[in-house]
Amino acid sequence: MKAAIIGTTGYGGVELIRILHTHPTINIHSVHTTREEVPVWNEYPHLYNIIENKLEKINVAKIAEESDIVFFATPSGVSSKLVEEFSHTNIKMVDLSGDLRLRNTEDYKTWYKKEPVQAELINKFVYGLTEWNRGEIEKAKWISNPGCYPTATLLGLAPAVKEKIIKTDSIIIDAKSGISGAGRSPSRDTMLAEMNENFKIYKVNKHQHIPEIEQQLLDWNSDIKPITFSTHLLPINRGIMSTIYVSLKEEYTTSSIHELYEEAYKNHPFVRVRPLGHFPTIKEVSGSNYCDIGVDVDERTGRLTIISVIDNLMKGAAGQAVQNANIMSGLHETAGLNFLPLYP
Amino acid sequence: MKAAIIGTTGYGGVELIRILHTHPTINIHSVHTTREEVPVWNEYPHLYNIIENKLEKINVAKIAEESDIVFFATPSGVSSKLVEEFSHTNIKMVDLSGDLRLRNTEDYKTWYKKEPVQAELINKFVYGLTEWNRGEIEKAKWISNPGCYPTATLLGLAPAVKEKIIKTDSIIIDAKSGISGAGRSPSRDTMLAEMNENFKIYKVNKHQHIPEIEQQLLDWNSDIKPITFSTHLLPINRGIMSTIYVSLKEEYTTSSIHELYEEAYKNHPFVRVRPLGHFPTIKEVSGSNYCDIGVDVDERTGRLTIISVIDNLMKGAAGQAVQNANIMSGLHETAGLNFLPLYP
Amino acid sequence: MKAAIIGTTGYGGVELIRILHTHPTINIHSVHTTREEVPVWNEYPHLYNIIENKLEKINVAKIAEESDIVFFATPSGVSSKLVEEFSHTNIKMVDLSGDLRLRNTEDYKTWYKKEPVQAELINKFVYGLTEWNRGEIEKAKWISNPGCYPTATLLGLAPAVKEKIIKTDSIIIDAKSGISGAGRSPSRDTMLAEMNENFKIYKVNKHQHIPEIEQQLLDWNSDIKPITFSTHLLPINRGIMSTIYVSLKEEYTTSSIHELYEEAYKNHPFVRVRPLGHFPTIKEVSGSNYCDIGVDVDERTGRLTIISVIDNLMKGAAGQAVQNANIMSGLHETAGLNFLPLYP
Amino acid sequence: MKAAIIGTTGYGGVELIRILHTHPTINIHSVHTTREEVPVWNEYPHLYNIIENKLEKINVAKIAEESDIVFFATPSGVSSKLVEEFSHTNIKMVDLSGDLRLRNTEDYKTWYKKEPVQAELINKFVYGLTEWNRGEIEKAKWISNPGCYPTATLLGLAPAVKEKIIKTDSIIIDAKSGISGAGRSPSRDTMLAEMNENFKIYKVNKHQHIPEIEQQLLDWNSDIKPITFSTHLLPINRGIMSTIYVSLKEEYTTSSIHELYEEAYKNHPFVRVRPLGHFPTIKEVSGSNYCDIGVDVDERTGRLTIISVIDNLMKGAAGQAVQNANIMSGLHETAGLNFLPLYP
């Protein structure tokens, strides 16, 4: 299978290159940019002598003819336009931006402050939260890949929310992300001298991933009330931890909740529920497609604490995109993704 | 005034040295350790040629005779014994450990897993949360200095809790700390190769600062229910952020809450309520005694988010200890503490 | 092919696991330790649910019977004993320690301060600097894998030294390493709070890699005089940069030297001479087996500056070990090693 | 004394604010920028509620009338113009840029690629390498403050060069700097995601501090030949280490060289020659005005290794600027600078 990558100069795009370079079936055919047509290594010297491709301008017809699948690692507002053009061709699409995720186009306007794609087109995209949407993904041709925070958060919440064991107005998510999530455009906020030895909260109560998370939670349980969702920047490159707090409707022990989670994910190779009493750290999934989860019930408060970690560029972006591409293409979901976390 | 520092080889002790070295009134008279009697710079080469003191063994009578005040920067379990001995002398005491904080000695046993000091002695120590206990501190001779997490958290919660505008069973605190909080004893968990590019949760629902925070909250409002309090390790040296979530009893705007906070802290030089819509980062207080606070009400959920940051070694330990020593000694609370954060 | 790994709990050992987990031909058969027989994930939680092996005690006969190759990722002083025992069996060996590298056993005593292996045994080990010793490696059964610093340094120096264009008494190497090179045993020096925001020189003029580098240089040019070699610790996990200074015997331009280097390495997939005027950074090889090199001649001083970077755990340890194992086993040298650097 | 700071929004400018805020004699009167006239805390939130000044446009006459001294923390090319205007007033000047350092204006053109100031004006500025130029500084009104790299390097080299014990063509300096040296303008190269876990060499053999170092060395010993000087970026905020290599003309022991250095700096409070066999790390001077030095002679090679560390924003910029201002103003050189390094 041949793949085209659009938006190669961002961190999501270059992570797609890293994965597909050793993928047994899906090969990089062409890489594209809206900027200068230079060799990839000009943008990413670590690819010198390995990835010989030159960045090319986007020619929809040519891409659709030459490749079997196209990945959009483009920013919000850019994907929407491209997707519309490619929708008239026969190529498979996986979009990593937020443009095709919100079925309610008003939500997109409110939270992204941009013009949404037509609802009709959005509805043809399958939301690629692999573990919980595999059936639809198998039949899909177009995938809207989940956001990084929503992936960590929804995988953490799913068993509890679907089982309806939590109070529906009690969901609080305190999320922390490595700085690669902020993209590769230089700004004062992402300078090493400013963020090193630092930690900050941002977009307080205003992050655009809130409606994405709520949309999925409501699909699972229509009684879910608005959530509290906070995002913080860590002075590290990769990784997200969502620390999630929910109130339980009844009394549960940690061990019964742990069993529920183990059961829910037992057939999912990329979700690892840690043993009772163990909790994952961010580095333990870094560079890999794993989502690791730990749970603890506090009997003093009746609350369940859920810890969920991913690599934001992998399971939170390029990794899950390839996982979805695999399933959509009839391959095993782990194809090209079975490498280990980089530790230390 | 002459000061003795016990427990000089830990990070809290060396921060006391940093502060007192330029303090206009309180001077370092002697520094003590239970380990080898070597010059301070053997343990801390950055003090070479500056701090000429040699570490001395602890001689209670001698210290009490020579110095006006003694700071205990010793670990829990060590302070308790020392404090008992010094209690028979006339010296002023500031204890930075957790040994003298919990009035309910059963709580100490439960959370610290150690033998508590006698309740009688504990009750003679004033809890040194300076901004809210100044009256007692002025009259005190013995101070139990608050924990790092409790300081950030209680200063963040105080105005809302005291004003009784929050639902008493709704307090959730997601706290993150720099690694100096874990002390200077080498362990795998604090190695750079293990924690760098990492972030981890620890002591889930079991941190010994929980009863300390609850004790103070109950003093302010006896209806407060058990809190959820999580602690995470950041791959940085200094700083704590407490992200605090509470449900409001009635509808409030961010601006009315902001006003409440500004009013509460307007006369307190070391608490800075940031302007409406602004939130502090950890580095913005690093190396200083400031506690910076930001607030935001989410009208979708009726919850208030409070962000509170401190330097764990300063306002969370040595800084507040000196602030209390100042007040207890009739000095201005900012004496020796009016230096700026180190930025960047 | 079946592989046994001894010394699995160190960073070199766990990197061997990372590589061999996706190696097409050499598979992990057993992992060994001198410590507790626990599942690997107890030591390395990031391997939970992936590497099911339990750490086993070292049974030489059993390992030699069951496996085709054994890797020693053990500290100096430990390998020596093991190697002697395994030398009576038929198994292939790759030793990652310094025990089998120095042919002059007096040098070992002087620099390692330990008892050396018998010279006879040492001489049967082939020094695995792959790019310059391939012929011997192809015929070898026992490999002594080069040190991390010597690998970066020797690959940087080789073309200039072998071509005899430098003054033989002019070699100065200023090397910097990530902290994983210091191993996984906790010590104050490797704590995050001590090394973060820090940079230090260590073992000034006394590093045990000095005789290893000189031995190889003398093999290439017997006129080479003692070198100056400094080592520094970087506050990062992975990577080494050797900045190398040599005086040129005659006048050369940067471009003629660059040509010499390109020619020397044109057939070596893991050494990338960067384009004229470009210099590699450490992160650009992180997680990969590449050694990247840049050169610059300063006409003001007649000196050549050579920059050579590797990942100390990959090309500096486990990666080169597998590269050698590949060649020794008749596989392509890139087998299992063709993954990209992790960036960012 | 009243001080004006021009170029307040850079890291050098804000460090001047940090120092002068607690300086006993020199007070911040006004702060200036060529950009927006906003409160300082808009640019630096850590100064909120502490530094009430608003950034003002530069009015030469007004500044010269109201203040006693003006600090230029402006980039090269900007200082030159300002200095010319202020030279017609009576105000004391300390310039932190490179514009007034090179007496040979051709060198400035060659290395800075900009138009130099008139030689006549340059010659009226005293080069403020405090420890070696105190006599002139005492009488000066205008100071050209040394560069960060030159300060660390020259203090390391001075005793050996002045004593003429080294071969004059043998000086090699391998310097490493924290990233604040690259300034506060966002660029891809200074992004956390790009530099974190990274280390890079830059401006190979082309750094503009080369002629500055050579000019001073030639003043000390006119036989000195062109030096090799390399600069690397560390993934930390503050600090420089210069590792310096020189060949000794005769045989010396480490201890005789150490004595020479101790003697040279015995009356200089901000230079600490470490005890024999000890070497400073960068963090051990961080946030302070100290320059710490260690020396080692390698008898195998006849070379002397000198390690010199400073905080690039302190002794390498604002700290030395204040030290010079103190001396120029008849104050003790340590006034306002006697605070300790921030550790950890």
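Here are a few things to note about the model shown:
Order of writing sets the chain letters: A, B, C and D. Residues in each chain are counted from 1.
Keep in mind that, in the parts below, contacts are C-beta pairs under 8 Å (C-beta built on N, C-alpha and C of every residue); 3 or more make two chains touch, one makes a residue touch a chain.
Everything numeric here is computed off the predicted structure, so don't read it as measured data.
Two chain pairs, B-D and B-C, are compared here, and B-D has more C-beta pairs in contact (counted per touch definition above). When each chain is reduced to the average of its Cα atoms, D sits farthest from chain A. One inter-chain figure worth recording: chain A and chain B are separated by 38 Å, centre to centre, where each centre is the mean of the chain's CA atoms. Centre-to-centre separation between chain B and chain D, using Cα means, comes to 36 Å. Averaging Cα coordinates per chain places chain B and chain C 46 Å apart.
Of all residues in chain C, those touching 2 or more other chains are 11, 178, 180, 193-194, 196-197, 235-238, 281, 283, 344, listed in ascending order. Within the complex formed with chain A, the residues of chain C that make contact are 11, 14, 17-18, 21-22, 44-50, 180, 196-197, 237-238, 272, 274-275, 278, 280-281, 283-285, 287-288, 292, 338-344.
The touching residues of chain B, when paired with chain C in their complex, are 11, 178-180, 182, 184, 186-188, 190-197, 235-237.
Across the complex, chain A is touched by residues 169, 172, 174, 176, 178, 193-194, 196-202, 204-205, 225-228, 230, 232, 234-239, 241, 243, 245, 279, 281-283, 286, 294, 296, 298, 300-301, 303, 305, 307, 344 of chain B.
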